[in-house]
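Just so it is clear, A, B, C, D, E and F label the chains in written order, and each chain counts residues from 1 on its own.
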Amino acid sequence: MGIHQYFKSLSDLEKIYRCPGKFKFQEHSVASHSFKVTKVAQFLGTVEENKGNKVNWQALYEKALNHDYNELFTGDIKTPVKYASAELRNLFSQVEEQMTQKFIFKEFPKEYQQIYLDRFKEGKDDTLEGKILSVADKIDLLYESFGEIQKGNPEPLFQEIYEESLLTILEFKEMESVRYFLNEVLPDMLDEKFIEHSELNKVTQKIVKANLEE
Amino acid sequence: MGIHQYFKSLSDLEKIYRCPGKFKFQEHSVASHSFKVTKVAQFLGTVEENKGNKVNWQALYEKALNHDYNELFTGDIKTPVKYASAELRNLFSQVEEQMTQKFIFKEFPKEYQQIYLDRFKEGKDDTLEGKILSVADKIDLLYESFGEIQKGNPEPLFQEIYEESLLTILEFKEMESVRYFLNEVLPDMLDEKFIEHSELNKVTQKIVKANLEE
Amino acid sequence: MGIHQYFKSLSDLEKIYRCPGKFKFQEHSVASHSFKVTKVAQFLGTVEENKGNKVNWQALYEKALNHDYNELFTGDIKTPVKYASAELRNLFSQVEEQMTQKFIFKEFPKEYQQIYLDRFKEGKDDTLEGKILSVADKIDLLYESFGEIQKGNPEPLFQEIYEESLLTILEFKEMESVRYFLNEVLPDMLDEKFIEHSELNKVTQKIVKANLEE
Amino acid sequence: MGIHQYFKSLSDLEKIYRCPGKFKFQEHSVASHSFKVTKVAQFLGTVEENKGNKVNWQALYEKALNHDYNELFTGDIKTPVKYASAELRNLFSQVEEQMTQKFIFKEFPKEYQQIYLDRFKEGKDDTLEGKILSVADKIDLLYESFGEIQKGNPEPLFQEIYEESLLTILEFKEMESVRYFLNEVLPDMLDEKFIEHSELNKVTQKIVKANLEE
Amino acid sequence: MGIHQYFKSLSDLEKIYRCPGKFKFQEHSVASHSFKVTKVAQFLGTVEENKGNKVNWQALYEKALNHDYNELFTGDIKTPVKYASAELRNLFSQVEEQMTQKFIFKEFPKEYQQIYLDRFKEGKDDTLEGKILSVADKIDLLYESFGEIQKGNPEPLFQEIYEESLLTILEFKEMESVRYFLNEVLPDMLDEKFIEHSELNKVTQKIVKANLEE
Amino acid sequence: MGIHQYFKSLSDLEKIYRCPGKFKFQEHSVASHSFKVTKVAQFLGTVEENKGNKVNWQALYEKALNHDYNELFTGDIKTPVKYASAELRNLFSQVEEQMTQKFIFKEFPKEYQQIYLDRFKEGKDDTLEGKILSVADKIDLLYESFGEIQKGNPEPLFQEIYEESLLTILEFKEMESVRYFLNEVLPDMLDEKFIEHSELNKVTQKIVKANLEE
């Protein structure tokens, strides 16, 4: 009981895997995802600031860092359930929220309860920081699904996730950081070289020939 | 779309791990759990029959085999959520049931829909077969939690699960098969030898001494 | 000693992996395989019954559930060894059978020994249920090998297994359930969309264009 | 080349495991570690603020989030090497720093290079935020090593790490947040119940007895 | 076909796990086991030479390196089967040998067939090198089973393997290298510190106290 | 302290994974790599001897077996670091060497220290055995990277490793064993059948048709 339980719970986030029940070449834990989203949000915020927009960094980091903490209680079930109905998704969000509150009241000393209730609230609001979080969350999902497609995962779900992530990012196309992502990052992602078997044969023959003839 | 999707979904049950988000020495998939529960139910049914009770084997196998199929849609979230509130647990069960029905209507040909709606219904009713399923499900959970405790898992949750499973089994103490389990199986489980380090020292010295002196 | 050892052995079946010694993208345990075969057999039996054939459900479930239990003692060595010689395969089967019998006599109380000797006997006989088991076993093997091929496993063994499974299924082509499988399930399996890299580029450009132009 | 490479590198941090080459019950990636350290730092900062100290939150989050990014280039080799000599450790730090700089100059556009050079610099300085990072880093290491010891890892290295982490934390004993940790969190960590086999026997007998006697 | 198949088969030895079907904290592949046995044999040979015995190093390395290559064809099934009957074990050895020969005739060019037939023959003969192999094989098995016992593996099989390995080593007690192992290595193995929870409490309190009082 | 520590360290080599921090379909430990290199070196030596060159087998086996032992202390960091600068690579080699020496002086009895100092020295010298080691090390690396490319690993690093390994092998093109590899083994490796999805459709239709028409 107490903050020790909270610190221990961080370790549980390393054991919750995203998009469970589907074959994946590379698993991603909620802990790693939160890290990556925060790092991506940091970059997006940097672009916004560079373009002259004011970023509330403390708010941005708090939102990104804590945005999936409540998956501690239910796991990452939103992905598959979401494709069933929006109503169900809401139900799950409520359950998660209630369990998070219960956890805070049980484990946190009084003086820190309100602070953590705020920190674990849904962060994807209409502020610049909330919008950056929405985009950063989807950029990481885009990378995760791209990684599976690129490695040859035949599960159509990953193409659905890829497309849905891209569409959500595009909803924020007026943002400077989203423009930057679409113009500078996405093309590089799609340009990734694929190593073909036939190419390997040619490369090998070229190398062998060039070196044996010397 | 069609039975192919159903056959493919069986493979997804190999990727859904029970009690997610907690450190475990040995993971158990929903597919393996369903297999073990069916095998345990088979033994319990055999005891009942041996004691003169009539077993509807077809019903028993169907109940056991399919009892967790709907975790396909939400994963095994009941364990942690259950410890929060009974109401939440019900909510989740409803969601699972709706998604299961939706799946059947989408993937199964008309002539088989009713059969599978029946098969995927909650099987833990008041029939002998329903009660055997309740017990078999908890026996496997008892073994899973015992396995973790025995290997030294410090997570208190596993002792809670162990105790809760035992209590549920004891609710059925009037059943012949439960008596058999309590009298013949449980004592052997608790008698399992633990290998102690100090013991290892002694054994080694005894063996070395006996063989060097020859 | 006793039924506890039998219950514990079910857990060992979760640790025996099929087709050992070959690189696989997805491992399958004997426990999960047995579960999937029983579920597939259930569906095939349902088709047979729907077409007017009488199914002995108790026999079908027993056969499917227990058909690989004796791999407990030797692991799944049949796959590679089988490709060496039929004689060797027989040798292994005998060893497995002897070890299974020994286990039953040691661990099971007298009154249940004969029942389990019967349950662990080779189930693939000429009855309808025996034939359904033969087909269900190969359907799961077909799915396992298809899964590897689809994910890009370069090991030729999986194509051999795929072809050999299909050939065995076709030996039962007079069965209603096999006709159903060949006509309704197999085409869907082969129709599975593969996600191509080039396609991803196009999809991305289309989505981005459509949304930026708004 | 470009920010895409940077975003992709975050995924590599999920594949770098801490303290490589030693048997561990639970692996921790650099990505998860960074997440946990940032979360712990957030709590420590909250305590400091609550006690009246001014926290530069942006600085704190940046330090915590990026403090191990340069392990991307060499992996987590500091732990074992450190126990060899301080000089060697310095060498490695230099190599990491050079490779990080090279990466920034190669992948980042000019306008963001200086910002990221600053972000990836050693953050453990004498500012309040630098000291919080030092403590948070060791608290996570303490939890990681405690987790191994608690699960029965016989490797003496983990006790050395545990003790060394505690000693480093104690160097900051004047800090409010460290006092809080020592007084409120550490005792709870040490109070963790261990589940004993003998206890399990007693609990079982008590439960069975109480319920059979009803 | 050809040496390429042989080189590729080495990779399969990385996928064959020793003692399959039993829960283990740490898996060991046939490839790693062969490496460790060869290294241990190297040390034992060094002791023999140091004590004045002539070692045929080429023979020793060949025996150690290749002693389990034929598990390529059947996996490591000897361990469990062996505990059933010596006759069965022989059967398996014959099968392995036949499959190995078949492989050599199929994949190796004529001029190397006899050399590899010799290399893959049973190496545990009565020569000094054969005896060193017998001992080195058991020393690695002793370490593997000790590792499981030390980590708290409750499976009694590992104590049986530990004792059986020790007994086999003791059969060679007249050898200089075995004396060295018994006198210099085994005591250190048994002296390994176990980290106790109670000890951790004391150590922590001592450290905290000493450092807070400064 | 003592040889026990040395024997225990062999197990740590099973936990050090090659090329850390990059996504791989198949991990390779330093222990398995050392085994495979020694086996490949054995074959290359056999070819040299067959062509009339004298092989010092003891030297060859010692070099191959021990060539990566010092990665015990730093892990396999050479691969990524090497692509940064040759100077850095040297630094790491020195550190490894110093730590290896320190380990020998601490753990080995006086009479064996010089022997092991020699054994753990860099083995890739200008002797025939040193050159065979250089080639065998790169052949295994070629197979490891080929395995990743063949399975569809999109990471360009593996093609770089493949090409770099081939180039190093070609530096030794005057050797009989390298000629053999280039002429007899490499073509078979490149001829490996890839299983195409489209091919699977055709094969299936052909099989089904042929068997249904009977």
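Things to note:
Assume contacts are C-beta pairs under 8 Å (C-beta built on N, C-alpha and C of every residue); 3 or more make two chains touch, one makes a residue touch a chain.
Quick caveat, the model's predicted, so the values are computed rather than measured.
The minimal number of chain-to-chain contact steps leading from chain C to chain D is 2. If you take chain B and chain C together, the chains in touch with both are A, E. Greatest centre-to-centre distance from chain B is found for F, with centres as Cα means. The chain with its Cα centroid farthest from the Cα centroid of chain C is D. As for how the two copies chain A and chain D face one another, over half of their interface residue numbers coincide. Our note on geometry: chain A versus chain F, Cα centroid distance of 36 Å, whole angstroms. Centroid to centroid, with C-alpha atoms defining each point, chain B and chain F lie 44 Å apart.
In chain A, the residues that reach two or more other chains under the touch definition are 11, 13, 23, 25-26, 147, 150, 152, 194.
Of all possible chain pairings, those that touch are A-B, A-C, A-D, A-F, B-C, B-D, B-E, C-E, C-F, D-E, D-F, E-F. Across the interface of their complex, chain C is touched by residues 1-8, 10-11, 13-14, 26, 28-29, 31-32, 34-36, 38-40, 42-43, 46, 50, 57-58, 61-62, 65, 109, 111-112, 115, 119, 139, 143, 147, 184-185, 188-189 of chain B.
If you check the complex, the residues on chain E that touch chain B are 23, 25, 146, 149-150, 152-154, 156, 158-159, 162-163, 166-167, 170-171, 173, 182, 186, 190, 194. By the touch rule above, chain B contacts chain A in their complex via residues 11-13, 15-17, 20-23, 72-75, 77, 80-81, 84, 88, 91-92, 95, 98-99, 102.
Those residues of chain F that touch chain C in the shared complex are 25-26, 147, 150-152, 192-195, 197, 200-201, 203-204, 207-208, 211-212.
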